[in-house]
Amino acid sequence: MDVAVTVNGTLYERDVEARKLLIHFLRDDLDLTGSHIGCDTGNCGACSVILDGKLVKSCMLLAVQADGAEIETVEGLADGDRLTALQQAFTDHHALQCGYCTPGMLMSATALLRSNPSPSDEDIRKALQGNICRCTGYWNIFEAVKSVAR
Amino acid sequence: MLLRDVEYAKPSSVAEALARLAENDGARALAGGQTLINVMKARAASPDVLVDLNGLEELKGIELGADGTLSIGPMTTYTELMGSAEARARPILGEVCSKIADVQVRNRGTIGGNLCSNDPTNHLPPLMAAIGAQFTIIGQDGGERTVPASDFFLGVYMTAVGQAELLTRITIPAGKQDGFAAVTLGVDGTCIVNAAASMNGSLRVAIGCVDAVPVLVEAESPDTVREAVRAAGLQPPDDVHASSEYRAHLAEVLAERAARQAAEKR
Amino acid sequence: MTTIAPEKVEVGRSLLGESVPRKEDRRLTQGQGVFVDDVKRHGMGYLHFVRSPYAHAHITSIDVSKVEKIKGVYGTLTGEEVATLTDPFFQIAGAPGGQIKDFSLAVGKVRFVGEPVVAVVAETRELARDASELIEVEYEPLPAIVDARNALDADAPVLHDDAGANLMWEGVFEWGDLDQAFAEADRVVKIDELHFHRFNSTPLECDGALVEYNRGTGQWTIHTNNQFPGFAAIMMGPAMRCGLDKLRFVTQDIGGGFGNKITSHPQLVVCCLLSRKLNRPVQWTEWRTDFHMSMSHGNERWFQDTEVAVKEDGTLLGFRTKALDDAGAWLRYEPLGGVIWAQVTPGMYRWRHIRVDFTQVATNKAPVSPNRGYSRMQHLWFTERVIDIVARELELDPVEVRKRNYIRAEDMPYETPNGCIYDSGDYAQMLDIALDLIGWDSMDEKRRDAESRGKRLGVGIGSTLDSGTNNFGQSQLINPELQFSGNNEVATVKLDIFGEIVVTLGTTPQGQGHETTASQVVAEILNCSLDDVHVRAGHDSYWNSHAGFSGTYASQFAVTGLSAVKGATDMLAAEIKKLASVVFGGVPVEALELAEGGVRIKDNPEAFLPFMACGAIINANNAGLPDDLGVTLNCRYVYRPPFQVPDVERKFGNLTLTYAVQIHVAVVEIDPETGYYDIVDYAAVDDCGKRINPQIVEGQVMGATAQAIGAVMHEVYEYDEDGNLLTPNFYDYHVPHALDMPPLRTGSMESPSPFTPLGTKGMGEGGGAGIHAVCAAIQDATGKIVTDSHNPYHRVWELMR
Amino acid sequence: MNVNGERTFAAPRATVWRVLNDPASMAKVMPGVEGFDVHDSGRWTANVKIPLGLGGLRMKVDMEKTEEREPEFAKMAIKGTGVGAMLNMVTSFDLRESDGACAMAWSADVKIAGPVGSMGQRVLQPIVNQQVENVLSALDVQVQEALRAE
């Protein structure tokens, strides 16, 4: 089936099987390998992307369902070499270790700060609940997000 | 992560969706997909056709009637419901939805999907049973019928919505004295046992995770809820998270807690 | 938590001990890391495994004929083929465990649910999985052995006929004089059974590989996320009947390891065989459910018939116990777990009389292999449980019992009953710091407050050691025939033609920030800016900067890795000075110093030779240099820790070089009606000697703590009586998420190790302390003895009934 | 998993026995039967699609009568093989005359292996109970039909 999606401002048109999940489409067909896969059950959030302004897990969506959609992935966050405040905060606060969950984590935090620029500690935790990190224990991630909250 | 081959249909109307479902008894309606797609990843189920209901405006929307009755379109996402001014007429709805899974899932998962999948660990089936929701189902012929929760939930992953039928409306009577209590796997995780209560004249408590469908008990007051649950003679399933005995015990404790919450609200 | 601003990093002050931001982060925060599943090659095929649905069964027939006809299916590999193309993997164990025949696919029999039986390679991932469903495997189910405690029963089904029974390894460890200890004892505390459960660290990235075979050279290039290529190589080479020169391992970014990515060698062999058979690159992605069913579970262990000899005042004299270890279906790294625990034989305590009868058995469950805290975690949980059970039996304060028995700071370095040398630390003072952080003095008040809210509050301590830098000689205590001992790591530091300082490590970091800490050491020695130091990401055996034990495991980079970096950089610094002394016309090297990205004469800073010039001279403009100069500006150094071969008879000797220390305190509040509980407060104090980058160290402490909290509350690989895994994914295997995390207070001490070049100690595996602390807190809150390391709500509820 | 129970049929024992031993009726009793082969009086094979709501689970089911004491007792070994699931079941029933009606005490030991067994673990028990209930009701219908036919 034909799919046309705009990812990070670029239009991609491809012919894919109906059964292909959006995450596989992004990684294998579009070579956007920043979004990751960490589970089979929609729990880990490593594949989180922003689809038409909504944060979703791209492993629980068929690529064909994204036809006509605007998608933002981690590759689209930084402006050239200029990191976003959030990306910088992640490094300043040592909010990542292996970096595998980081892309999804950044997308979730980005979505949070757009809808709620001044989140409480509880808001931050709730916003990141859908993203599993096995390295950091989350504490430094909370700090990083808090540091860019207004 | 790799699904079996499947056909994808994107109908532009409920009528067309019904037609596509009727064409093939291997066709399944795709709502939010937050359960179905995962089951398909495990290849534990493999529909021949997915009929995508996303984008069907007929199945969306929340209306608040003059008498306080809420009418909710099944394709309303949890997030939409949580943000809906109308839905605040029955505060428990938003409160419970905010505890389901996580932001990403709530952004895509739908009220109708949660109800029609009727996974025993879901939050909404017991809640709807307790608050006395009515379910409107449209048949292949376009005729609609409305059933109460007691006739809606038939078994695990089975409801009154048959093949080539769709849930079109969830109707919720006015009320505020509701409660919900659960013991979950981690904070706000998968329910081990949950219970929803509603005080509306009588006290109705529905318990989830203890049987294929929510178990409804009625009681005079919170003080007698435990007896009522005991009288229901539950035989909950055993699994890695809880013994049958533990679930039976939680059912009593949580039913009472939900009931007290409900009773304390004014 | 402090924010680290880049300007903190400047030349001229010590970089060792600075929390400089990580060099790795720039690519990782932009989704530009290269993880194994990101590696692609033209014409590659995707591999999917057909896995056993049975815990134990004979394979009566395999029919692949249906799939080989399908367009887009490239080919298959079965156990029969593997058995002819390869030899069984080398076994660490002697008889009986050593007699088992372990191949990379099941041959004739399956021994656990999820065991790979057939591999199929196809044009797409989806097609490969479709094809795997068309491969017909007939099984004849056999009874399964799931509970290790029944594995040695006369009527128990036997996994490996070659071994004759399910006994894989056994050994008696006895030191001191048990009879005397028990004779002197006022009390003997008896504990029937303690159980340490089965779980692992579930790195978010599962295993994987992309393997290319070069017909011309007969060499395989293995792009993988295996965290111990040195070990994979010595397992794979002999099995594949090839020299290690034929196996090129390449890693880059690895999405977490925690020890769980050491034993992927069977799957890597399958990829190698298929890339050769099909003459195309083969890509394998392990999915989450595959990982849970088949990869690297942590050792499950029972401690039975424990007896503890104590004085009335709580002085610990000694203990004896029978340890029963469940290895699962295969010995992929085992039975090393049978000795690794001995690195911390007495835990943190001064008792001198100890006997452990250790038995390891096979069961129809996934094979175990190292998991963060490998084998010591189990043993330290045991010693900590013993302390708290003894305190309860003697009605003493657990704090007092610990302080009375902790090894004292003034006794450091301390030789344990089995000859290990604890290098440094002040356990009692660390405990005080931890109790301070948690507000120990106001605990009774907090208890009353909790009670007023209908909750039961409990507080518990976990004190552990993180023994780092293995002496592989300990393997000889398992099997005297083995020819392994000591340890080593390699680093190469070179000055290139335009003055680039290029560092090549032998390690395979998975988030530990090696590129950053290595740069700190190099910049410190060469007295240059961090930005001038370029550490190659990942590992490549082509770089010739690795040795037999290269890899990232067992808490050792800060010692082996950084010592190698220091050694190589010291060599380079000396060569730079040697070159400069010639260029400056014979100025003695003592008169030279490295500064501002070059070398200069101390009392004549005008005489300055930038690194760029040094690199250019040696690499491209070297005519006229003295014949005997002996300067290459390309320095490879192998660090070798000072170890002796242990005494095999007495099972005595120094098994590890350093001992980092962790003291954790947890406060829980339990809902007595449901058993549901929250960790409401938590303190973690860590001492890993000299910290090169405190922020990275603290990150390791936090991560290990979170894993401990997950393990004690939720994470378990539980099987039903037929050997079906009941927690095969993150749906039923709940790992802590953001809302599950308690408030955390961290503290630290620095007791430099006298035995390491930088005073550093390996660290990162100390999280076990959290399991002990929470178990102790639950015991405190419920007043019931906690006998299991896994305490989900229903178990706590049962405790309280 | 072990399930058992007792069910009374308003029919003489002989009738119930006949139904239970008639492949044609059994084909109507088992869930989602798509094909049914009789090898001999003691061995049947059925191709079934067990309805599981989210989608049917296809299986080839071999049944073999391992024990029989006409007209009161029979024991069957049932082996189902499907993609992702293996079913092994031993079931037996005991028929008793009780004033005109027939009481059937039945029990089944059900083992389900394979991904579905693990995945669906938390819902398996309710599903099995559900299927058993369906089978028994269908059996009742068959018994009544047989009765009318007599």
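Just so it is clear, A, B, C and D label the chains in written order, and each chain counts residues from 1 on its own.
In this text, a contact is a pair of C-beta atoms (placed from the backbone, for glycine too) under 8 Å apart; a residue touches a chain by one contact, two chains touch by 3 or more.
Just so you know, these numbers come straight off a predicted model, no measurement behind them.
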{"item": "Chain-chain pair with the highest tally of contacting C-beta pairs", "value": "A-C"}
{"item": "Whole-Å gap separating chain A and chain C, where each centre is the average of the chain's CA atoms", "value": "29"}
{"item": "Geometric centre distance via CA averages, chain D-chain A, whole Å", "value": "49"}
{"item": "Mean-CA-position distance for chain C and chain B (Å)", "value": "44"}
{"item": "Junction residues of chain B - those touching two or more other chains", "value": "1-5, 38, 42-43, 102, 188, 239-241"}
{"item": "Per-residue multi-chain contacts in chain D, two or more chains", "value": "83-85, 115, 119, 121-122"}
{"item": "Residues of chain C engaged with two or more neighbouring chains", "value": "125-126, 133, 287, 289, 726, 729, 731-732, 736-737, 739"}
{"item": "Pairwise chain contacts, counting only pairs that touch as defined", "value": "A-B, A-C, B-C, B-D, C-D"}
{"item": "Touch list for chain A against partner chain B, complex", "value": "1, 17-21, 23-24, 37, 40-42, 45, 48, 54-57, 59-62, 64-65, 108, 111-112, 126-127, 129-131"}
{"item": "Interface residues, chain A side, partner chain C - complex", "value": "17, 19-20, 24, 27-28, 31-41, 43-44, 46, 73-75, 77-78, 83, 87, 90-94, 96-103, 106, 124-143, 147"}
{"item": "Residues of chain C touching chain A in the complex", "value": "1, 3-5, 19, 21-22, 24-33, 35, 37-38, 40, 125-126, 201-206, 253-258, 285, 287-289, 510-513, 695-696, 698-699, 702-703, 705-707, 729-731, 735-739, 741, 744"}
{"item": "Chain D-touching residues of chain C, taken from the complex the two chains share", "value": "53-55, 113, 133, 141, 289, 293, 722, 724-726, 728-729, 732"}
{"item": "Of all residues in chain B, those that touch chain C in their complex", "value": "1-5, 38, 42-43, 102, 183, 185-190, 192, 239-243, 246, 249-250, 253-254"}
